[in-house]
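Take this structure first; my questions come after.
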Amino acid sequence: MQNSERVGTQSTAESVLSIRGLTKRFDALVALDDVSLTVGRGSITGLIGPNGAGKSTLFNTVVGDVKPDLGSIEFNGKPIQGYTPDKVFRCGLARTFQIPQPFPEMTVLDNLMLSAPSQLGEKFWAPWFLQRKIQRQESIHLQQAHEILEFTTLDKVAHLAAAHLSGGQQKLLELARVLMSKPDMIMLDEPAAGVNPSLTQLLIEKIHQLNRSGITFLIIEHNMDLVMKHCDRIVALANGRIIFDGTAVDAQASEELLDSYLGQPGVGI
Amino acid sequence: MLQSLFDGILVGSVLALGAIGLTLIMHILRFANFSHAELLSLGAYFALTFDAVFGAVSNVLVQKLPWLSVTWSLACAVLIAMALTGATAAIIDLLVFRRLRRLAGPLTMVFASFGVSLIVRNVIGLVYGLRSTHYNNDIVFAMMISADPLLLVKADQIFIMCLALVIMVALHLVLTRTSIGYTLLAVSENPTLAQVNGINLGATVRLAWMLGGGLAAIAGFCYALNNQLSPVMGRDLVLSLFAAAIVGGIGSIYGAVLGGLIVGLASSLALIIIPAGYKPAIPFLIILATLYVRPNGLFGQSR
Amino acid sequence: MIGLISYLTFFFTIALILAIAVLGLNLQWGFTGLFNGGVVAFFAAGAYGLIMLGGPARANEFGGFDLPYLIALAGGVLLSGVLALVVGLATTRLRHDYLAIATFGVAIAIESVARNAEYLTGGAKGLRGFERPLEAWVGQPQLYSFLFLCVVIVCLVGVYIALEKLVDSPFGRLLRAVRENERAAQSLGKSPAHIRLTAFVIGAMIMGLSGGLYATFYAFISPQDIAPILTFQIWAMLIVGGSGNNRGAILGTLVVWGGWVGSGWALTAFAPASMQLYAGSIQYILIGCIIVFTLLARPRGLLPERLTTTQYAESSVEKR
Amino acid sequence: MSSVARLDVSELTAGYVAGMPIISSIDVTVGVGEIVAVIGPNGAGKSTLLKAIAGLCHIESGAIHVDGTEVTGIRTDKLTRSGIAFVPQIENIFRSMTVEQNLILAGRRCDKQASSHVEKMLSLFPLLKKTYKKRAGELSGGQRQFLALAMALVAEPGLLLLDEPTAGLAPIAGQEVLSILREIANPGVGILLVEQNAKAALGLADRAYVLADGHNQHEGEARAMLSDPVLGEIYLGGRRRGDHAAKPV
């Protein structure tokens, strides 16, 4: 519980992501119902809630994969609603996917190298005019990539096709890739799902290390042990609304939260 | 103008028949089948062959249907052609597309369909000769329905329209009243749920190919009856068929019917302002316009 | 002997010109996953563009500016690029099979323009009277053909080297990423629509170059030269050779073109006279079979794409 | 077609992508006419379990038996024709077809004339009578669930697999859906019910399994489990304050 000392400073801390009145409907289904949420800089926030509560929709809406019907999103004080996912990423807000989305027929190392931001060499004319500059930049990225691969223990598989990684390793690769851009904030979608316990432990350690270096985390996770032990703050969604916002200790005591999972007693007897 | 309208509806109803199979396959199997148009040629030529066979077998069959240039033997031949074309479509799927579905992605299937279309079209050319031909070499005179505005109509053309209408009504009845129709609708809406409801997906895919092939055969026959038989008629029609399917919305059978009519009418009316030589490009313009304005077509769902 | 040499010169000139187009398609399909069903449209734009700009003036008709050869060639290439831009803007954001249908349609539209817009393209009789550069200066036709082959080789090698450099660069990595997983690429700050459009236009311009060289070689272009079969042939070359591998693309071109020419020759030599009329059909069937069987039996082609990590960093770092 | 069936799932490991199992070594049994609830927090693999039984998942190891016959990895349509009905959580009706068409389609599974069965469904779910000719896409959420249930029951299955039938429903509609299950089970139809509303499910079921992290965590008599503090721990992790009042806070 190394982050418990930060609990409480939460409310006064500067917010990095601030969502106001976000609403999204899919036909009759209200996926997000007037969701307002701020994420403090440097925090690890857990986003929990029953299936279909709207957690992934929230992620998708924040990064611009899904257009909200209403509401505003600010990141680092800048309104980002209406941005496409690539633009949001370039603002420093990265996300990973619940089901890993690697570039399967590229090596793990190339998966990382690709993810480096603002690469000179990504202009088609550049190799002819800026070769030295690109090489220098690539060298820096390569070094960085190797460091991150080591950090995420993927260094042994660096030259393997990403498709050949195990499910857990692909999850790590998701994290490793977004680290290349040194984002201000990372939104992790079920980072521990399908990952074996020892790798999960590693993942948690890495998240804490990164968090100490200043990266803010918003994590969707179903593994409650993980959420309760490692998140400074817990936000719970149910039926598209925020039903709980507080510390892990409070969350475990919250009858309302428990009811959202367990349901009302006596129905149907 | 009136003549253009009539021609448009005529061509449109033929396109509609052809596009139904295309849209079904494109929706269920998720790939654009460039070889579908060749099934139209195949059906038309099968009809030609069996017309000759039946004509040789029985003298009675050589008699024409009242008012039409279509003989009884040709009418019977069309039925055989439907069955054979449907079977051919299913066999092509078995030999090529089904294997590729397991091996590779939908774009590989698109590409294979290019290859299949080349093979089918040129085998037809090889077997039947490259020159165009007719079911009947008698000259059929058109009746002048109206002089101003001019409207010339052949009895065969009325027949084609009625045939297309009858088939579409029959298809509608099959789709809405029979369990075979339900099966097709179900699979095209949600393959997983269809399986959960005890539907054999593989069998339904075969059924879709056979239905699409059968309808293509009729469409090919109608087209050839109104124009001529030629090994390249599939190549000439492929883009119009795609246009009909896209305008209607991929996967919507009723959309394909409406799309066919729209494409037929648009192509016919466009010729009032554009020289006839540019006719092949018109479906392309329709496709582009649809994709810009309404990428999912009239009845399609986004996917 | 002379006959054989001049025949080989002819064979390789055409084969290598087509190889350039195959390289262009490889950039689009092999590296970026763009299904271009209308290769021939961009080939045609390059060919017609060249002759319209560099050809002699025609009475009452557009074109025939008699521009210097290199400028005319560049103009043709540019025309292909512009066509690709127009088509690409409309289609690269769409589902992949829609792109296939739309590009297929472009080819048909271009062909009908070539056939009908006489004031622009000379209609069915095509554009002739183009004076090949330096032909008078070289004098001897055989020598000229040989020199022209050398020029084609230089162009092919140039395109090959340029493309290798391109696909080995971070740009190439980006193309592959878009091909592999568009959504992931976008979530990592890349703009797939923009990348796809870029690759589509560059690939089309390479096809335009191929078309320009083709028109130079024959000093003539007509709708016959841009029949849809050319698209199929070029695709077959890429699939046989191995998409995603530039060397495979060139190998595939030689194999398929060799097979095409060889089968044509064999049919003329051995098939009964009554069958000569159908030689074309038989060859088309062969192309169709090549496509289908390669996809079924060896979908990655003769020289499959290799898995490599982009090596672009300074050498000192790699040694680490 | 047998109208009773017993389900035995043993050591089942399955997922959607090979090498990435969502559930591992799951054991579940449903006796004849028994209602068995599967509850557990999100991501526990409850839905995956049902899909694996229905043949819609990649099974890595383990076995599924129905009345002693192995059906592991059997094609979904064959399985459902043999008397096992699966009701998916979402998209469980054909929206473009009418209620009538949906029922007839589902009834095709049984060899007998479907119409008499459809009649029976209409008497079981009188709500559907009013909407008989309507397109299913126009139904309300509760009506859709009833239709989905009716589609599963029209072929007279021996075993019913239900994936969160109350998800997305208003509480009253959810209550209605659940209350009909007892009626269904009475003639001997076994029900394996995955339910989010754990308390309601436990109140209804005979036995229950609790899944967490893709593993069996707990098994027992449903009513006993209702008062078990362990349940809260599994859902929210750690130890709940109220359960251990003696402990100094």
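In this document, chain identifiers A, B, C and D correspond to the written order of the chains, with residue numbering beginning at 1 in each.
We adopt the following convention: contacts are C-beta pairs under 8 Å (C-beta built on N, C-alpha and C of every residue); 3 or more make two chains touch, one makes a residue touch a chain.
Please read all numbers here as calculations on a predicted model, not as lab measurements.
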item	value
Minimum number of chain-to-chain contact steps, subunit A to subunit B	2
Remotest chain, subunit B as reference, centres from CA atoms	A
Result of counting contacting C-beta pairs for B-D and B-C, higher pair	B-C
Cα-centroid distance, subunit A relative to subunit D, in whole angstrom	32
Euclidean distance of C-alpha centroids - subunit C vs subunit D, Å	57
Gap in Å, rounded to a whole number, between the CA centres of subunit D and subunit B	44
Full enumeration of touching chain pairs	A-C, A-D, B-C, B-D
Contact footprint of subunit A on subunit C as seen in their complex	165-166, 169-171, 173-174, 176-177, 180-181, 183-192, 198, 202, 305, 307-310, 312-314, 316-318, 320
Sites on subunit C touched by subunit B in the complex	33, 35, 37, 90-91, 94-98, 100-102, 104-106, 108-109, 111-113, 115-116, 228-229, 232, 235-236, 239, 277-278, 281-282, 284-285, 287-292, 295-296, 299
Subunit A residues touching subunit C - in the complex, by the definition given at the top	63, 65, 84-86, 89-90, 94-95, 97, 101-107, 109-110, 113-115, 117, 119-124, 126-128, 134-136, 138-139, 141-143, 146, 158-159, 161, 177-178, 181
Footprint of subunit D on subunit A - complex, ascending	28-29, 48-52, 99, 166-168, 190, 193-194, 222-225, 227-229, 248-249, 251-253, 257-258, 261-269
Complex contacts: residues of subunit D adjacent to subunit B	54, 56, 75-77, 80-81, 86, 88, 91-97, 101, 104-106, 108-109, 151, 155
